[in-house]
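Shared between the two complexes below is chain A, which has chain B as its partner in the first and chain C in the second.
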Partner chain A sequence: MKSQKANAIESRIDYYPTHEHHGYRFRRGRPLPFGASIVPNGVNFSVFSSVATSCTLVLFRKHEREPMVEIEFPREFRVGDVYSMLVFDLDYEDLEYGYRFGGPWEPSVGHRFDASKVVGDPYARVIGGRDVWFAKPDWDDIYQHRSRLAFDDFDWEDDRPLETPINDLVIYELHVRGFTAHPSSKTSAGGTFAGIIEKIPYLKKLGVNCVELMPIFEFDEWENSRQHPQTGQWLLNYWGYSTLGFFAPKAGYAATGRLGMQVDEVKNLVKELHKAGIEVILDVVLNHTAEGDHRGPTISFRGIDNRNYYMLTPDGYYYNFSGCGNTLNCNHPVVRNLALDCLRYWAADYHIDGFRFDLASILGRDQNGAPLANPPLLESLALDPVLHKCKLIAEAWDAGGLYQVGSFPAYDRWAEWNGKYRDAVRKFIKGDVGLVGEIATRIQGSPDLYYYRGPTASINFITCHDGFTLHDLFSYNDKHNEANGENGNDGANDNNSWNCGAEGETSDEFVNGLRLQLMKNAFCILLLSRGVPMLLMGDEIARTQKGNNNSYCQDNDLGWMDWTLEQRNSELFRFVQAMIRFRHNNPVLRAGAFYRGQDSVGSGIPDISFHGTQLWGPDFSAGSRCLAFLICGKHTEGQDGDIYVAMNMHWDGLPFQLPKPRHGERWSVVVNTSMRAPNDVFEASQAPALSNQTEIIVGPRSMMVLIANGN
Partner chain B sequence: MPLQMSSSTEGKTARLNLAGELDATSAPSVRNALEHVLAGQPESLVLSVENLTFMASAGLRILIFAKQKQPGLKIYLLKPQETVVETLKKTGFYQSVYIVDREEEMKA
Partner chain C sequence: MKVNLSREKDIAVVSIEGSIDGKTAPVVRQEISSTLDESKSLILDLSKVDYLSSAGLRLLLLIYREFTAKKGKLVLLGVSEDIQTVMSHTGFLNFFTLAGSMPEAVQALS
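Right, the complex of A and B next:
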């Protein structure tokens, strides 16, 4: 396949072919960068293997089963352990490539070479084979996931990462397909990157300024796919926490994936989100790959350098700290560079604003799986010049029992998903006792965990893709995962949920009213806490998964956002919208430093003080369920007034003594979650002043937020 | 339907008429034709694509190529079919071209 016109861009004289094989002209290539790079008149292929005895470049025309040519790398083309070759006159648009590696098959010492298989490039920037979501693959194809070339010609204009200060973010975690796949989304390309663009007005209306996309690296939705034995429903690898290639976007998430244009579609999405002032964080899975354990398929890494890419037991099996069969050998220097190159690529070429690392504790383990005190990969990521303005967020635990919330090696850079925040707030809202002290700490940004790092180390969340949605958190005591076909064995059992008196859907108005109220309490606490709040897609309109707390395989109504809820649950949406605006309008709530608990500006009161039903008398005793706090506005520049918050998680209403407002000011009610709309939340300028300025009654299981102003 | 193509130049306007399917196989010939008309340094390029039913990645990239060859070139897509427009929108390429339904809409 020679392109008919090879001299489109003038060639340099030093790129001349020296070899020929079946009409294909080539020469020795450049070992760096790894992967396939388009150069004048040709493509430079470069790949690493420390143990292979031979390497062959296999070239295909797009979608064709049989290769058009195979070119073995001559010995002199290998430098160190890197095989590189420059092949001339290839048609970039119609090319797929892979490699065959010769080498030992000795699983007991970690070698699993098999030259009968074509393996993908670890640096492939586009991967073909799953171009259209849920389109049945050609299972007889010897090469299922095909490396392709990507182009750098996207017109970014003046776009760049937004570099919004992390303390100003309100993050919205969403699943690319699930966000608009439901027919009610009424987008022209449901379930795709392009579909998200059509929902940017919705995100703006809600007020979030950052989206965190669940994995968008290429994966195989058919992996472990099956039909539910009773219902016949297809169960897919819907979430995609199973990477095929770290540099390639998921084609099936792109409306233009069938044209191979997913790279452009993702870039266009990022550009449009940036135009709307919304940052993009990617949930990246660097802890394992789709190759599974010793029974899994050979797709790439396993057949190239198994012993380097994976953590292996002494007898050559795979350590499974990920719970997914294998564990990437993250602190091997070669793999470390792969991870760095990957993130730099997404930051530089896709203008990504930050990354959330799935099971990040694995990234701090050594090559035998032991936790490192000073993990080189985490340090490199923290201090890398290209990544230096990117947000780095760790899921600070793994499936091997390493739990590092509060102790993740941070290098002054890393933030963490604060699992302790989630647990404490859930328990507090459902009325558990013994939490008042911890809640006081959590709403301050968890200084007990992050004293030296500041509140921005804490990504505060109550719900995320793992576990119940917020609606289900207050509708189910137990998980209901039958639809997953695993006999209810999957998903977490410790949900800290409460069904409010009826398990699941009910027509009981009292129960439904209470659920709505508890959801409002949750958003209220989340958006008043220092740290960085994160919302889960659809929680703002009470999305349900019918009690399923692990919807990883549910590519259907359970896993999708039902947009008709926007109308039906407009009261909750309005509340969340108002709370986000309140956070944006009150800088004291999102300051980047901890409260100090003292008056450092001579305002007469500490920056934060805790109270109970009695002023200055917070009840931190074991049986307490209520807490109030007063935030002094004068301690933060740009802050208008003081804020008083009363939280009563008791089943009875309670009176709270109010602090005396400053001279000339009065307390006005911004939030009262015991009220229904429109009296549940007010704009600050329209907040009604209290007739009694000395005491309020806070209803059962509800919260009130007051602001002091001159109204 | 295989690609059918003709080209012409009128003053400072170059014109390519494309019909059928513009895919990876037919793209190189379009690129050749494009290079040929761009050699005359036109100010604008009109791609008449009313009967173009399919435009693959390779086809869209030709638009970018034209821009790269001649910065400042105004590219008009005349009467593109809906599927072509959708692809242009979803990939961000529509910012590089003017989409028009009638020749009169083209700026002088």
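Right, the complex of A and C next:
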């Protein structure tokens, strides 16, 4: 059967070489799909440029500096702006390829062709040159980032994207390398995709059901690398928000990258995570590339079609809405298709469950940088058939001053990182006044921002890779970024943090106890809020970056997860684990619609009601620091009972009047963050009933969560 | 790269020596094709294989698929630790039964 199939393909009537150059046989190729595709007996190369005057395919043997052959595309091989060629008898595994484009060097009108340079394929599925993390590159090589071929025949068996309803997700944002690079991770392949697989039991134990991977598109960790002038510490492009190619996974994150097997390794990771019920969201950087501004290197796009790929000023310089030198021209039809092809590829070929778009507001700008009311790219992504079940999450702002939290063009599909949630909850927990009203809104899923879109538009987070870790949020008043070697000028100044009385590490037990308590408050609010909660890697075990709020270059203890904290901070881990379980067990907390503030099922109480120290008397005044709310269990199917939450961010303990439990029920304590383990959190079935059912004292800067049950 | 064909009772044994990569995988495939067609039980002795590329891994999986399709059985013998690690990281290991010695391989097939 096999040979028949092969015969059928080989018997195509157009399947024979028509040209030969230095012993390499080739023929006219197919313009679509773009990129290099393995076809029987050969490779189809296809690339486009709207301005180039000539194009030459450059083929290398793997790792060799000099090309083995250069084949100029004959005129008849071009259709429109697309050059395509099928080259026969290539060794797929031993091949690297690139292009030379002829064309004008006229920067003032946006053309930057340079035929002396070999440029990479924008559609390259594997990029060689940085195969092993931090291995010293061959700086004399004129072609640093080499396009390679990828096998696309991974055996997925019956795997598919999980399609978990977005409101059921608990997202865990992690850095692929940082998650297991620390020796304490005790994984056999630290710092890699494979390493994550060994930590799946940990993720399961914690209870998260989605990981969001910080950028895994190929990037150059050596970009802007330097040694700290005082410490000598290497500072790298560790986070990787600087894309070399949108279709290639980061080789240096793969244990098998040295063998060029990163494609299979990533797919295997996705498959294993899916087996464990964990979705995979990729943080994708489509807003700029690693080519920087006019002083940057020519790697690919700049040397192929600069004017189409980038947003240029009228005099040919680069608009910098990304803060990284250039801005991808996302709403140019050619670039829009590239973005769409990229995401479709990751969804279809890698079974990725969703995407978080870095500086997504750029994706809504027109070719001159002006924000569009109806951005074609965002609409295309929202309505694309391949992507239609993928989660789409916007970082709804950019470095050009566009801030669209609540107003990002959503097409009923897009969710947003809710920066307002982060800011309000931080301020509330540290005891700022004037926030009680906003907190009431935030815990409901931010209906003020997403009234028409529902709470699932809100990705709720208190910390993310950008900024302080949760531990540092309550350990530092100010950022301490000296280790980044930028004289402390980098990173945000506006952190809404509080050090609890001592800056940084301290042996003061009171301070440390308070920090732990505030971290518990943070997790408690996060996991009780409607919307989609997101945790930052390591916050569940109080990971510190020693006050560094911008660890983008710290490929060391600062940026890595220290797994010894799992033991040392087991109390916090246990608390977070219990809170996540509580969320999973109480559907009312993660319902996909907003509370209505009224009784719509005849249960006698509204679905949510707000209270203060006085029942029915929430104090929304400017000086208030406390709020309580009662959630009715009868408004949500599958919900067991009512939930009452009291939040007291005041420095004194306060009495809160309790609502009367329903007939035959009693209030039991599930959470009390003023207590230490094991009395800080209980399983619902073991929650101790209150002896006083009419009033509780909520300790200073702490929270209590009660459930009504028949125990 | 060398391929040796032998039999162990009614089990076909294919021993490969050297590297299995993009160049040699099609050769191996060619050389063992009649053995594959005729056998229901196969031991692939890889103890003298020092390198398996992506194409090599794909060859193994193709053979595995062919054998499972005809309800045959396949055991990999003597896979080095390094290669096992690579197979594990790329997900190929999950498909295979491994044996450390010939008797163990025969046992696994019976």
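As a working rule, the second predicted complex is superposed on the first by the 698 of 711 C-alpha atoms of A that agree within 3 Å, B and C clash if a C-alpha of one lies under 4 Å from a C-alpha of the other, contacts with A are read in each partner's own complex, and residues count from 1 in each chain.
Keep in mind that, in the parts below, contacts are C-beta pairs under 8 Å (C-beta built on N, C-alpha and C of every residue); 3 or more make two chains touch, one makes a residue touch a chain.
Quick caveat, the model's predicted, so the values are computed rather than measured.
Look at chain A after the overlay: chain B and chain C clash there.
Contacts of A:255 after superposition on the shared chain: both chain B and chain C are touched.
By the document's definition of touching, both partners, chain B and chain C, reach A:189.
Of the two partner chains placed by the overlay, chain B and chain C both lie in contact with A:94. In the superposed model, A:267 lies in contact with both chain B and chain C. Contacts of A:153 after superposition on the shared chain: both chain B and chain C are touched.
In the superposition on chain A, A:281 makes contact with neither chain B nor chain C.
By the touch criterion defined above, A:208 reaches neither chain B nor chain C.
For the contact definition in use here, the residues of chain A common to its chain B contact set and its chain C contact set are 91, 93-94, 151, 153-155, 188-189, 192-194, 254-256, 259-261, 264-265, 267-268, 271. Contacts from chain A toward chain C in the complex involve residues 2, 91-94, 151, 153-155, 188-189, 192-194, 254-256, 259-261, 264-265, 267-268, 271-272.
Listed in rising order, the residues of chain C touching chain A in the complex are 21-23, 53-55, 57-58, 61, 65-66, 85-86, 88-92, 95. Residues 3-5, 8, 62, 91, 93-94, 151, 153-155, 157, 188-189, 192-194, 197, 254-256, 259-261, 264-265, 267-268, 271 of chain A are the ones touching chain B in the complex. Residue ranges of chain B in contact with chain A, taken from their complex: 24-25, 27-29, 31-32, 35, 56-58, 60-61, 64-65, 68, 86-87, 89-93, 95-96.
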